[in-house]
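Heads up, the next two complexes both have chain A, just with different partners, chain B and then chain C.
Moving on, here comes the complex of A and B:
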């Protein structure tokens, strides 16, 4: 079983500093996979291409150069929404509320966020949930960044406030909002527009952010020579140079690169060991499990094979999480095109998409359909699950784990990543392992770890990041266990950085518990 | 395969937590699913039971004729409500028959409050008596309430010690001097002064209460002075601001602050300020964003964990997945576009009212969106309201009707399903805003629904 095992490294030439040509058009590879060009109507979908179509709507982030997407809202006259007059009765067909599109009221197209902005009733729950506003006096909070900024920037002469770059994209405001205002979508849009039109492209900040968001590009190079790369980051003063030159927090330790990436391991073991057309999953390992912690990916494969799943490992790029957080939406879109194309093909072969990183799963599920219009992107969103979540839905994990015992007793200090919270997954690890003997999982509280992907890597945010994390560090130290546990690789970095604890992924513990 | 439990509670507020704990204590395996983070963070943190019995008939008969919404014609007028009540239990018989307290009985309220006392522990006061306490709230009014945070204790309006109310210019929803004036006008039995002091100016103009609380939690340095010391220094010159009846100046014995005195370390912050000021320190409950609400949320969710309840937030329950023989077997949870069935032997609906979105409305009508339960309402929407904003608004009492065992009823007054119960704001019949009864209704309906659901599930 070697399907979907090509290493996906062939299109690595689109690093941050190389302007890639032809991004706009459907590339060769896509035509091969689809058997048709993307622009064509999906009248006879090729195998692996679901009959999508619901997602075919204009989105702002057209590939490049401000090209106007087809189907931009027409210049229909704005109406007042068709409210009946007090005199009673409506006297004009124009006032039919069903025919009224709120976004038409404001010029400029963009995402249709008017309804979301109008849903805000200013309760400020988002502000009280914001970990940055709690420590940063310069940050006005999500209520401003979301609905208020959205209204302000309807005006042509209004720049986007620079403070948008201080949002760490933890997305806790989404979870806090009782009115379902799409706050993170508003933040992502504003940040993308700020970076696109207001940020100096030769500035140190822009270059630094571009590098941080394109971690995958650099990791892919470093992992060709992992030992050398690891040694290089440990040269005394190397990180200080990074701080001086680029503004990357010098106090952090750069993560080690694995000597064998997950994909290399997967290839070496001959791909899937279980074939099962009825139970297929496509593994979205993300960058970190591939280059830095392949043991997480291996645990995923072994656990899923234990439950009889056929694991596919499609070619893939970055999920976009760090790019969204830095407003690098063009980069994110380019990667998304590859991901969607390959994942849609796997879905066509009967697979659901499984991610072991909660930020990757959130990105595919929520940010992809919110920000991009790519054929099949809604299907990817609807078929994506986090690894433990999927097993809890489809397998009787409780029965499987009841009565199991771990040879070596171990207590873990568990931190739920913010992005897990938005998917309803913040308690699943604690609940799953409650009945396993010899395992103690202690939830260290609902605070944010403070690193939020790339946020804590920025020199000017480092102290805030550690201040946000202080509560978690404290609770970790109060907890019985001296091993940390979390689903998110960057939360893991922060946990390790703040306490010196080794940090594991729940899949690794599940692997031990079920003896996979 | 579905995600199964004995009892599934839909919602995340006070009623949901109460019913989940009540069910778990009956031995049921309970799961709670809340669409969003708990709205307790918007609550004042006061636990009211019944403060007023409002009139249900206008002073003069309602006018006949066409609707007059939004026009300044002769408004209907309503008599003042009875209250503030000294004893909520004694007044229950004065409520309409369709009120949840009348349906479930005074004991349900008593048991609900007892469960709350157990969950809140030493963080709350008021459990020693049936009688209401009177607490000043940030609007300058005095609210009758059954339970109150320990942090608010020194602020009781029945206390006759002179008080200073502290405010900050940047906290615009709250003016200390106007507040003190309103308290005096309300006839409180103590001398009170209000003072605006310099402290919050060190932060951005619209700093969040969480920012101020964090600074006090960590005792961050403000211009080189630790935050708690800086705050005490700013307040100290005003300790003699209160003027007694004879016109003499007196030193206050207690100082009230807006409720931002620390989040995790609130007790410590208050104790240090009290020590530095030589006066008791109390917090005045605020509107949202509310730290007392956040602290209560933390406490109640810890209690859920202790009771073994599994809970998750982030995904909404969007409807009934399967039902047969008059029973719901599973509901559908929308996980980012994919509906996942959650099965249970009994369900408790505790999704809140019109504001909490447990009830949905448009021009055509008012609906309960999860189980599509019956919501009684006048067919003509001009009968949903009366002209006097403070009158007996019919919409305020909209909601699902329940039987004496908490089961949700259909239009005929029979259980809609054998295993679906309702609690909290989604239950109709109470005018919680005018009665000051929101928390009590949640506790009373919550404990009944939780217990009965557990019985239904485990029998």
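Moving on, here comes the complex of A and C:
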């Protein structure tokens, strides 16, 4: 199975400025393990690989009831395109999908999202659920950033209000909206346009944001010499220099790099230990599990192998989450091209895509098809799951865990990441471990951790980030456990930073519980 | 307070405002009287097209030539009212090639700059155009805001000494010794700015000449003077979409037909229209099929319209006129030209001139020609400069960076405020700090609202026309009370409540024709917020009389006390669902005749329900 252990590191030398040709996914017919074609759009020349991403109705992820993991994707309602869901039973199906196209209304291929404003009733649910608006009086909130700004836009207007850079991209507005306004898509697109055409490319802010967005690039270098890199960030004053020079919050502790990356470990162990053409998953580990917390990746592999899955680890790059949050859409697209190409290939071999980071899974599921038009991107979206979610859908975890008992009693203060909430996954960890003896998982509430990936790393946002996180810190301290738990690596950083707790991933606990 | 002036202009539409501006600039002492707000009649009920003349290039070349000439003038003198969108006449496969060529030749013959583009190029410019559009003629159509245009004309007239009286219907035309010598007007809330609950007065304004610029209503004024003016009012529906599906004016290139134009107007698109003769410009049916026809037919050009959100629909009445004896059957065949009726020559009644026909694009030219005529009649020598002198606000464009940096406006708000206020932006915005956004949909700040209140008194519909506040997708649901609250700095609470009710009712009226899909949801949410959360469907605080607190506190012991309170509360309360208080019909100038009947029933039902409870 070494074909799946291709060392993606060869691509590491490319930095943020790398250039890649557009990549088309393979055109041959894709088949499931059981022989049925998957994800085929009727009109697609390549079954299983729909032609378009960007020019179709954007498809937000809709949490399903867990019953139909392999449902026909084309029947899944798009809930954020505005038109389909909210037209109140009008005959939108009659509309020729080729008849109009939001691409290219604005110059340079920028999306025209004015139509999304049609779904807004101004109810302000988005604003009241926005953690940034709560602490930042200067931030006008998601309703302004999204439907209002877009509605006021015209073809010849090129400027986007600067306040878009204060949106942390936690995407809670998507979850809050009762009317399926494509808020985060509007924000992502507006931010991309702002950064592309209005942000000074030599400014400290731009350079800082570019560095934060391209964490993977710098992590890949640091990982060559992890001990040196770790020591360097702990040199007294090093972070202060970072703050002065680059505007990176000096009060934060830089995460340690693992001495062996996940991929190095995977290669060393000889790749997959289980072969099973009927149960394959392609693991999207993301950057953090690879460079910083390989124990999460290892837990994923062991748990999935315990359940008899063949794990593939395709070459991959950043999911794009930090790039979206900083408007670096070109970087995100370049990475997406690699990811989509490799994931489509794995899907063709019968795999579903599994991420252990909830932001990675959200990005592949929702932001990819909303923002990019890459061959096969819809297919990737349809086949992506979060790791625990996938097991809960496909395995009888309840039976597996019934009666299990952990040797040592453990209590956790669990925080559901905002991006998990958007996928309907905010209760899954608590529900999964409810019946395991010796485990106490306490949900610390529905507040945002405040870090939102790169937001809390910015010097000027640090205080606000901590203010947003205050409620979570307080609830964590009130909770019985003194170990934190969450699916999101940057939420974990914030939890650790605010409370001093160690933080684990649910997969690590699951690994213990099933004895994988 | 009777007054002797040079000229009284009756009618505050584009023609009347243009005439009073022209006369004032020529040094005449002029008064404009309008029965409602400025633009109350036809001007406020059009699709906002600034004609290039292309529409008339086949059927009416004289009008076409005038249009292109005035189109260029308005870009100069009214920059803050005009958006230079450009226009397309698009040809679908079933549309006649012969007509396309005729249109092209007609445009060229009228000196309208044209360019023929293929379907692909047309879709590159307007990507939502239907895939089977074959080709198009591109020409300099534009969008014009009729409200801002009239307000700017009136403002300029006032700066040159004219008096502008709105809510001042003419009740009589004074005729003495076989000549018109003035008009009698009723000031509904007294002269000057309209303030709710001010007592009404009557005034005779004596003038050396009266200009009847009341368009579709010209016959009514003529009748008061004892002359016949046979206007043939023709109604047309316009449907407002929530967003701009197109940023260019889209015309269907075929001979006359209903539903053949889409005009991008400010934040919205306006679909138009129909052409059907009616008997009475005040009272004609507004029918659902007309709205359906707009959306269905225009979806052939822009398929996205079919599923897009509709905000409201409204109807306007064209003041068509043709000389007696022409006998045209179909109103679409009646000329769009304008006619100046000198009643001295025509009816042996000197002292009054009527102007009918015409269109908004050529309003200035019409005003110039009638002003020439009036000056001649009054033996007053002065030259017209309205084609060169910019309107107030259009001297220079607003500077975006200043609005954002100095006044701290968010960029889309700065953009819209800058467009609306033009060169006045600095002065208006400088007055208020803090300056929060009051109407979020249209990006209208407190400063702009206060500026409009300064001009319009407590009339929030007049504030709306000046600012666009409440014209976005919530249709006043989230802002009419905020706008009204801005009045509270200056006016007492009952005035504020009346003003708010009046604005909210006006917003409701147009939405009645868009109650499906998303606008229905919006209307329902608005209703729940206003009726329930804000308690506006029966708030005792809206009563003029003392509140009978006993009616509330008696509880279960008090038997029927509650029914009295309910009976009282109907009097001063506007029901938030559009059922409105009985006096509303009068305020609406009769257009709400149907409403009044419906509302009457409603009130009765409500009263019955309340009484029974």
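Observations
Operating definition for what follows: the second predicted complex is superposed on the first by the 414 of 516 C-alpha atoms of A that agree within 3 Å, B and C clash if a C-alpha of one lies under 4 Å from a C-alpha of the other, contacts with A are read in each partner's own complex, and residues count from 1 in each chain.
Quick note on the criterion: a residue touches a chain if its C-beta (ideal position, glycine included) is under 8 Å from a C-beta of that chain, and two chains touch if they have at least 3 such contacts.
It should be emphasised that the depicted structure is a prediction, and the values quoted were computed from it without experimental measurement.
In the superposed model, A:426 lies in contact with chain B only, and not with chain C. Of the two partner chains placed by superposition, A:200 touches none, neither chain B nor chain C. When the shared chain is aligned, no partner comes close enough to touch A:480: not chain B, not chain C.
Judged by the touch definition given at the top, the superposed model places A:140 against both chain B and chain C. In the superposed model, A:275 lies in contact with neither chain B nor chain C.
Contact with chain C, but none with chain B, is seen for A:159 once the two complexes are overlaid on the shared chain. Residue contacts after overlaying the shared chain place A:408 against neither chain B nor chain C.
In the superposition on chain A, A:119 contacts chain C only, with no contact to chain B.
In the three-chain superposition model, chain A touches both chain B and chain C at residues 86, 123, 140, 179.
The touching residues of chain A, when paired with chain C in their complex, are 83, 86-92, 94-96, 98-105, 112, 114-115, 117-123, 140, 143-144, 148-149, 151-157, 159-163, 179.
For chain C in complex with chain A, the residues that touch the partner chain are 124, 127-128, 130-131, 242-245, 247, 264, 267, 302-304, 306-309, 400, 410-413, 415-416, 440-443, 472-474, 477-478, 516-518, 520-522, 525.
The residues of chain A lying in touch with chain B in their complex are 86, 123-125, 127-130, 133-135, 137-138, 140-141, 175-180, 365-366, 369, 378, 381-385, 389, 392-396, 421-428, 431, 443, 446, 470-471. Per the touch definition, chain B reaches chain A in the complex via residues 1, 3, 33, 36-37, 39, 41-42, 70, 203-204, 206-211, 214, 218, 264, 288-289, 294, 298, 305, 310-315, 333, 335-338, 340, 356-357.
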